[in-house]
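Heads up, there are several structures right after this.
In the two complexes that follow, subunit A is the common piece, with subunit B as its partner first and subunit C second.
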Partner chain A sequence: MRLLTHNFLRSNVKGTENGYPLIIEVTTVRCEESPVDREFLLSLLPKVDYPALRSAVRQLGPHCDPPLPDLPEDMPWSDEDLTSLDDATISSLHRALFDVYLVEGYLVCPDTGRKFPVKDSIPNMILHEDEI
Partner chain B sequence: MSLDATQQYTVLIEFVHKHLDFHNAELHSVLDMHGIRIGTDCHVQTLPIDGRSSEVRRPFKILSFPWSFIGCKFSVSDGDENTKREKCINLVTALSRCTLIRSVLELWGAGPTIDDCVESVQKGYYPRRHQEGKHLGIGDGAKKFEVRTWSILVHTLGSTYTREEQNDMRSAFSFLHLPGRVQMKDPDDEYLFIREVELDGQGGAVYPRHSGTNKQVIPENDARPPLACYFGRVLGNNGLGRNWRRSNRIEQYSLKKRCYLGPTSMDSELSLIMTNLAQIKPRGSFVFDPFVGTGSILLTAALRGAFCFGTDIDLRVLRGRNQDENISSNFKQFDLPPPELVRSDNAIYHRHFRHHLPLFDAIVTDPPYGIRAGARKSGSRKGGEVRPISDEHRYDHVAQTRPYAVSDVLSDLLNVAAMTLKMGGKLVYVIPAMSDFDERVDLPRHECLTLNYVCYQPLQTEYGRRTVTMTKIKEYDEKKRSEYVENTWVNGAESAEKVANIRERLIEAAKTKPGYEEKALRRKAIRKSTKETKKKAKRDAATKNATENAASTTDVPGDKGEAAAKDAAL
Partner chain C sequence: MVEYHPLRSEDHNPTTAEYARLNNDAERRAKECRSAKMPCLSHLCRRDYDDVYEPSDDTYLLIDAIGMDVDAMMTTEGEEGERRRRRDDRRGGEKRGGDIIEKKIIRRDDIEITLEIGCGTGVPTVYLATRLRDMAADDRRVVARGEDDATEDDANDDDDVVAAKKKTSNSRRVAHFVTDINADAIRITKSTATMNGLSHDDVRAIGCDLASELLDELENDVDVLIFNPPYVPTPDEDVGSTAGIEASWAGGADGRVVIDRALPQIARLLAYPHGVAYVVVVDDNYPERIMQLMYERYGILVIPWLRRRARNEYLTILKMTTTRMYSGQTRERDFALT
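Here is the complex of A and B:
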């Protein structure tokens, strides 16, 4: 699971109000470099919840090799400002969203503490019958 | 009808005689995604025909472009040099995306008979233009007309002609006086003469030239005039050639070449067509498959350049068999970045994912209809009261699932598509049906989605499947969710019922055929024998292993050890 997917996933257990963002418990992380596609990234960014991405990078960053640096606190979020992002910011955003995989670990619901296991890079978000 | 070549640049598209219902949809979709509009940028010409009326679908299409567009708005050169120019669309590159195109000709002439065809070439502008070297484009490296090697190939759909007979057809075009050398292999210019005859639904000739038994010419069929004749220069000579489907273009993606497969994997050809219907761009398309299964559809989407995201409720298919046989290994095989996979339930998509983000450019999927794989959704198996799961058992607990009615599968799919597609995004899905299915009233609908194409693929006489393409045209309104879902089936339960029990109905239909009982018995016997052979092989392997172990521990010399193993086996 890349952090892009983490940014969209939420906990859905019965009675959860918000269930977002999921806390990451890391067992194994894998990094794999991929070419930067600036246009694609810029089209996705307005849909990314930036505070959630930033906190995910802080949780996963130290486990990566080399460690992921923290993302800047403020990010211009309107469309015009996004196109003016410099290459260094773009590449750090790209690396955070696309190049880092949580291979083994858990995603933890911030409200209920329900743990969703991640195995072979596949998060298991399925609900048990008493949670529907 | 005569083609007025002085005013229009005409292109003949020859399709493979396969997936007939998809020809137009795929072509239109590909033209549309390259910004080529039929009606303004180009026109569809009627195919030449003499008095006969043809009920059969003909595997040809003629497109005409205003001359003024060629060389500025559109380029038809083989090389890539012209495509680099801004706003110039290379027709050859665009059309080469179509899976079902066999070849594309710059149509020099056409007519109901070979004489009409020759006359139309003589009258046309093309030979002169070619002589002047205008078609060569702006590339300086292009060879001059005088030294260009050439060949004329003859294509006689579904009927066979000897080399001499083909030569006769060729010689009709000797008036062109091409100055270069003849070269059959990779010539600079490839010309093609096509003699079209009436084809049946399977692509064979309706009036075959030779009898099937003794290969003798049937005189009355041979005397029948052709439906039409075409002559032109083949476009896309570099790499594509006369037969665009040659040179491994489709085969390299064949299912047979993949390391991970399942019974529900979609064949590569149809999924390539689906990626064209979904207009997946070479870069920056975000594609979603909510019933990803073995990832076969996503793989072709990734081959087109998409970033892929897939979910499924079945964890086993997502994980695959082992490290080397899973969805990601298939992607690795083609050197593609791994897709994003999540185990979740499409029935409650909105509870797994944040908000209702219009995220995806396309949703391409083959939902489960219970023919090969049954649909399941989260929930208690038996329904009713659910026993709570204690905390210590939470992580070992296997989530229960319950059957998921096909009508709900589709209404949820359409609703998720309406919710998560970007405006203008495409939903492409497959729906099976028996002959009683009426696509005008029985197809599921959604207020936010408009129907583009419905392509029928017959699988058996009474049974087939449709590939449906829809586009999002209206913003999704969460407040209207129940209204959307209720209005999915215009005919209500009746339509939903038609797609629901296809497996059962197929089995019922098979039972009424003569010889079903014997066939069933024979199949049962085969199954039993294969099962026993497997069991025996397993038993033998086990005993062999055991004796080998025993042999190695007692350190008996080789030959004696083998003898011991033989004894044990006996």
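Here is the complex of A and C:
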């Protein structure tokens, strides 16, 4: 599972007020460099929640080799104007969204603490009957 | 026999006779369309189909529908296609629902996010992903050829090359999401993707019920949505809330229990204005009522797109498109039908 997927997931377990963003508990990560596709990245950025991405990078970054640096505190783009993004920022956003994989670990509901397992890069968000 | 509800808006909601005409069109379209090439499934063995739905006539009709629209995408691409589309949109206005959908072809450049709910073996998404990938490769070849030619005669940059260059300058990559409540289906979908030449992460797989965990963040973001639901009418208690092969087909009363839970999600997820959903139904599901309520509650236009008889059932692929931006007001509405 990459951070783009993480960015779109929310916990719906019974009793959750705000199940977003999910906290990442890392067992195994994999880093794989891929060529930067600027257009693709720019088309997706308006759909990305920046604070959630930034906190995910903080949680996953230290486990990567080399470690993933933190993203800037202020959102480096506005959805109306993406042209202001420089190449270095584009490349660090690309790396965060597409090159880092959570292979094994957990996604934790920030509200209830319910742990959703991630195995073979696949998050399992399926709830038990008493959790719906 | 259930009473037929009178229709409120004649423009968008056909009478029964009108629906019969739409069904005829869908049958004709299904006869005329090219048979889509099935993705390779040789990595699966008989035992796998104990755990996951084996592709059947419904799957074939679904990929035929997707394939037909991808073909149309290729012929209407470019500026001429775009001009024609705009003109048709303007002329069509809010009037003839069915005609608008027929002419409204999603453009390749509009496809950034696709989502399949209940992916099973993953055939529809893998089919779509490989078709889009091959289209991108074709464009790159045309551009490469154009550049070779250009060294000989710069002025002679033909229109195809210009169009292809324009297209490749835009992104050709797409994020494909799939969900299933059955962990085996997720695993098998991943292997179907790699078996058909996609990279192991081209298909982003999530184990969850329908798209419940993606709803908030993907609201208005899904460009192509695919759903082959459990549509077989069964006693309600057979509907699988957890994993198991029954969950792949048991649909409860009128085969509508799972479909009715998914419809509000589809309405919420589809991107406006270009988003399109392909949903498999059988006549037992009362598709004409699905049409009516999707339009009345969510402004989603539904049309029987392809229709084919398969053994004891009539299969229809419903094509759904948006007429307005999803608004949160309808979010909490109950979908129960009286």
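Some points to look at:
Note that the second predicted complex is superposed on the first by the 128 of 132 C-alpha atoms of A that agree within 3 Å, B and C clash if a C-alpha of one lies under 4 Å from a C-alpha of the other, contacts with A are read in each partner's own complex, and residues count from 1 in each chain.
Going forward, contacts are C-beta pairs under 8 Å (C-beta built on N, C-alpha and C of every residue); 3 or more make two chains touch, one makes a residue touch a chain.
On a predicted model such as this, the values are computed, not experimentally measured, just so you know.
Aligning the two structures on subunit A places subunit B and subunit C in a clash. In the superposed model, A:A88 lies in contact with neither subunit B nor subunit C. Using the contact criterion defined above for the overlaid structures, shared-chain residue A:Y20 touches subunit B and also reaches subunit C. Of the two partner chains placed by the overlay, subunit B and subunit C both lie in contact with A:M125. Of the two partner chains, subunit B is the only one touched by A:K115; subunit C is not. In the superposition on chain A, A:L4 makes contact with both subunit B and subunit C. Look at A:D37: by the touch rule set out above, it reaches both subunit B and subunit C.
Counting contacts as defined above, subunit A residues 1-2, 4-5, 7-10, 12, 20, 37, 39-40, 43-44, 47, 49, 101, 120-127, 129, 132 meet subunit B in one complex and subunit C in the other. Only residues 1-2, 4-5, 7-12, 20, 37, 39-40, 42-44, 47, 49, 101, 120-127, 129, 132 of subunit A touch subunit C when the two sit together in their complex.
Every residue of subunit B that touches subunit A in the complex is listed here, in rising order: 283-284, 286, 307, 309, 313, 315, 318-319, 326, 328, 337-338, 340-345, 348, 351-354, 357-359, 378-381, 386-389, 394-395, 397, 399-400. Those residues of subunit A lying in contact with subunit B across their complex are 1-2, 4-5, 7-10, 12, 20, 32, 34, 37, 39-40, 43-44, 47, 49, 98, 101, 114-115, 117, 119-130, 132.
Of all residues in subunit C, only 112-113, 169-173, 175, 177, 181, 183, 186-187, 190, 201, 204-209, 212-218, 221, 241-243 touch subunit A in the complex they form.
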